[in-house]
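Two complexes are shown next, each including subunit A; its partner changes from subunit B in the first to subunit C in the second.
Up next, the complex of A and B:
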């Protein structure tokens, strides 16, 4: 294994058979996608920031997280890096959401 | 991970939701809700704007790409434009122009084109909608560039030895669309009838257009 590769840089590496898997996207996944599009349009996120934050995930996290989990992580990191959202207010709001747990709507 | 979610053959047009994610508040789902609410509180966006964006995404389907291909099969001038300037061709059809450069690559008797994004998931979303799980999977991204014929075989697609297989690796700034070969026996078909033969997978290049 080439140690100079990022975990995302997998072209040409050995891997298993392709299974033609797909699923209908859950509403929360579509919302993550929508946030990416809206923040890009408002010049608060570039595709390079999104990718840099995804690609800086450790190999273990990259493989364990689903696609849109990586995206919401990267979007959130970008907003923190830009100072749009603070870590404190984010942490407080996540705790509130978890305490509320009304099914995510 | 996407590899765990197999296509349910008994329900051809609906796919299962990812298990345990639509009804369980995972940490990442809580983060999405928290971030969305904070952006709304800060008046960066509104709930309505997010809803409209989700709707717009639901309206982007491979039918858009199918219309483009059917036009290219029917109109030589349009085909030329599509191959020279994909974005201009989409605009000429009244479709979204797309945010990134669109490169259309044409299948012939001598060349079969396949598209991948080895680094992530770049995809002509404005023409095909959101990419399927397998397109984003480790197995597809790793192997389609080193052993494309075997991967095509896993989709049941056999390209003859007299044709070369070209694999195009998308970038953040450039998206590829495969123009499949027009199926035989479709002379005189209307564009709308032709468009029905153009599948998403044919426009990614992992399969051929449907035979009528």
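Up next, the complex of A and C:
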């Protein structure tokens, strides 16, 4: 029988030590959180779409990416899938921001 | 009105149910470890758009009844070492449940 198990669906699997630590959120992480709230309110994204996109990350990427890195990946995927932004538009904007940061900092 | 359409609830508190042993791709809210296990309906939580459909930007209607189902830990985990009457409650949509 096919017993497909998503990488995120780890309940009951052996795990390493749980390191409990407090840390402040970086500004970009807060922005990602705010983006998620705004997009939900404008009905441009459901939490289920966010989850689906996170859950379809490969195991390696899922493990390596941080919590908010997974979020921004999934938000981006959802907006492309819904046609809110185009890939070309996004690519050009990222290049613009990178050029600005390279020049300014 | 389409938005208020809900599938009729098949189960009530106290009913014995078994979680379907299925392994679909996509966004599924039924944890892997509980599939194929048997439990008892603790309560009906309401009826909500199906998250498996919402995950693909579809309306997820008619709404699916959602239950809180109680499982004995000794039924869920092989060699469970906690107390014999420990339980775990999991919220599961009706289309994942079969009468037992």
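Convention: the second predicted complex is superposed on the first by the 98 of 105 C-alpha atoms of A that agree within 3 Å, B and C clash if a C-alpha of one lies under 4 Å from a C-alpha of the other, contacts with A are read in each partner's own complex, and residues count from 1 in each chain.
The working rule: a contact is a pair of C-beta atoms (placed from the backbone, for glycine too) under 8 Å apart; a residue touches a chain by one contact, two chains touch by 3 or more.
Model, not experiment: these values are computed from the prediction.
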| item | value |
| --- | --- |
| Superposed partners subunit B and subunit C on subunit A - clash or fit | fit |
| Partner chain in contact with A:97 - subunit B first, subunit C second, else both or neither | first |
| Included angle at subunit A between vectors to subunit C and subunit B, based on C-alpha centres and rounded to the nearest 10 degrees | 60 |
| Partner chain in contact with A:61 - subunit B first, subunit C second, else both or neither | neither |
| Which superposed partner A:4 touches (first subunit B, second subunit C, both, neither) | second |
| Contacts of A:48 with subunit B and subunit C, given as first, second, both or neither | both |
| Contacts of A:34 with subunit B and subunit C, given as first, second, both or neither | first |
| First (subunit B), second (subunit C), both or neither touched by A:73 | first |
| Touching partner for A:12 - first (subunit B), second (subunit C), both, neither | both |
| First, second, both or neither for A:81, with subunit B first and subunit C second | second |
| Touched subunit A residues, subunit B compared with subunit C | B |
| Subunit B versus subunit C - smallest C-alpha distance in the overlay, whole Å | 6 |
| Common ground on subunit A, meaning residues reached by subunit C in one complex and by subunit B in the other | 9, 11-12, 48, 51, 55 |
| Contacting residues of subunit B [partner subunit A, same complex] | 1-7, 14-18, 21-23, 25-39, 42, 44-45, 49-50, 53-54, 57-58, 116, 118-121, 130, 132-134, 136-146, 151, 154-155, 169, 172 |
| Subunit C-touching residues of subunit A, taken from the complex the two chains share | 1-6, 9, 11-12, 46, 48-49, 51-52, 55, 81-82 |
| Of all residues in subunit C, those that touch subunit A in their complex | 23-28, 31-33, 51-52, 54-57, 77 |
| In the complex with subunit B, residue positions of subunit A that touch it | 8-35, 37-39, 42, 44, 47-48, 51, 54-55, 63-69, 72-73, 75-76, 79, 84-85, 89-90, 93-94, 96-98, 101, 103-104 |
